[in-house]
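Below you will find the structure I want to go over with you.
Labels run A, B and C following the written order; every chain starts at residue 1.
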Amino acid sequence: MKSYRKELWFEVPARSGWVNITPRVEECLRESGVSEGLVLVNAMHITASVFVNDDEAGLHHDFERLLERLAPHEPIRQYRHNDTGEDNADAHLKRQLFGREVVVSVTAGALDFGPWEQIFYGEFDGRRRKRVLVKIIGE
Amino acid sequence: MKSYRKELWFEVPARSGWVNITPRVEECLRESGVSEGLVLVNAMHITASVFVNDDEAGLHHDFERLLERLAPHEPIRQYRHNDTGEDNADAHLKRQLFGREVVVSVTAGALDFGPWEQIFYGEFDGRRRKRVLVKIIGE
Amino acid sequence: MKSYRKELWFEVPARSGWVNITPRVEECLRESGVSEGLVLVNAMHITASVFVNDDEAGLHHDFERLLERLAPHEPIRQYRHNDTGEDNADAHLKRQLFGREVVVSVTAGALDFGPWEQIFYGEFDGRRRKRVLVKIIGE
């Protein structure tokens, strides 16, 4: 069994944003030499998500509006987590709704995707350097 | 390490619907010959989900109502994604909330499930042929 | 390839609650002898979640409020699943929103976590014994 690990770093300049990380995961897969197996891609922070969806700007706007409606940033004081001095309770909630990780099949050395699947890093508490873990196992 | 891959195809006749795909995943597992490992089951489309829950019609109705309340289909024009000519922005959002994939343990050649766990394909933009990927790795 | 399986049992004394199961998953990992691979941790019940987030009491309160707002327990009769005699339809819905499972990378014999990642069991229909499955594969 082969095993490969890499951290991808990001600094999203606003509090929230979406980064298409598919090309970087594909680069990891090439480096790994794995042709059959699984790729795990997960946020290493608990105020960010990794998920698979479409690379379309209108949709990303709709994602942002959905999450802001379900777990609004303000008022800050509505969340008990923010009593600790933080202002990012909403970011923890948004991450819960969009998920931590994706597991993707590797077949014949490629990400085994349907026609529109793209891997995204979803940032909900940005303006600092944060990480995604790529772990690949297989043969 | 053994590796197995199969696509399951569906055509849900309405815009949304739930399909219990557990028997088809079990058939894949038998074909794979894997007795210890992991099964990944994921939607290959970004307007559908794969998840584990109960096969009970009342609950499926409740799922549909929850998702329609959180990400309503209409009015179509509330979503920027639909400015592209699509009418399925809500389907992308519903899929985000219900997830893309499940990973299931394989033990002694069977899906290693608790008493009521069943795998579902959740369709949010049906009336056309769509796919689920089953990938199995192990020994 | 090594393979390891263990069930962890819980009895949360209230209808809902959060249990940090990270130390128990770490103990499984030590027992498994796996140093490179993947850990799957999933609820074996469909009214509970396993997820990764922060071990902070204020945040757990915020999680509970979010889920109660999105899928309230009462009125019981609002859910068709409860027509079957159950009163836990909301627990099935909450579990959908918070997810069934996490997959965690194993690197150099340890859970490969960012600074604040902790694994939680989220109970939405407690007051009875329930289980989580830990499955580890690797070398």
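Rule of thumb we're sticking to: a residue touches a chain if its C-beta (ideal position, glycine included) is under 8 Å from a C-beta of that chain, and two chains touch if they have at least 3 such contacts.
In this text, all values refer to a predicted model and were calculated from it rather than measured experimentally.
Participant: Given a C-alpha superposition of subunit A onto subunit B, how large is the rotation in degrees, taken in steps of 5?
Facilitator: About 120 degrees of rotation relates the two copies.
Participant: Where subunit A and subunit C touch, do the two copies share over half of their residue numbers, giving same, or under half, giving different?
Facilitator: different
Participant: I'd like the Å distance between the centres of subunit A and subunit C, where a centre is the mean of that chain's Cα atoms.
Facilitator: 20
Participant: Residues of subunit B touching 2+ other chains?
Facilitator: Residues 1, 38, 70, 97, 99, 103, 137 of subunit B each touch two or more of the other chains.
Participant: In the complex formed with subunit B, which residues of subunit C make contact?
Facilitator: Answer in residue numbers: 1, 3, 5, 38, 40, 42-46, 70-71, 79-84, 89, 92-93, 95-97, 99-101, 103, 131, 133, 135, 137.
Participant: For the complex, which residues does subunit A have touching subunit B?
Facilitator: Interface residues on the subunit A side: 1, 36-38, 51-54, 56-59, 61-63, 66, 70, 97-99, 102-105, 107, 112-117, 137-139.
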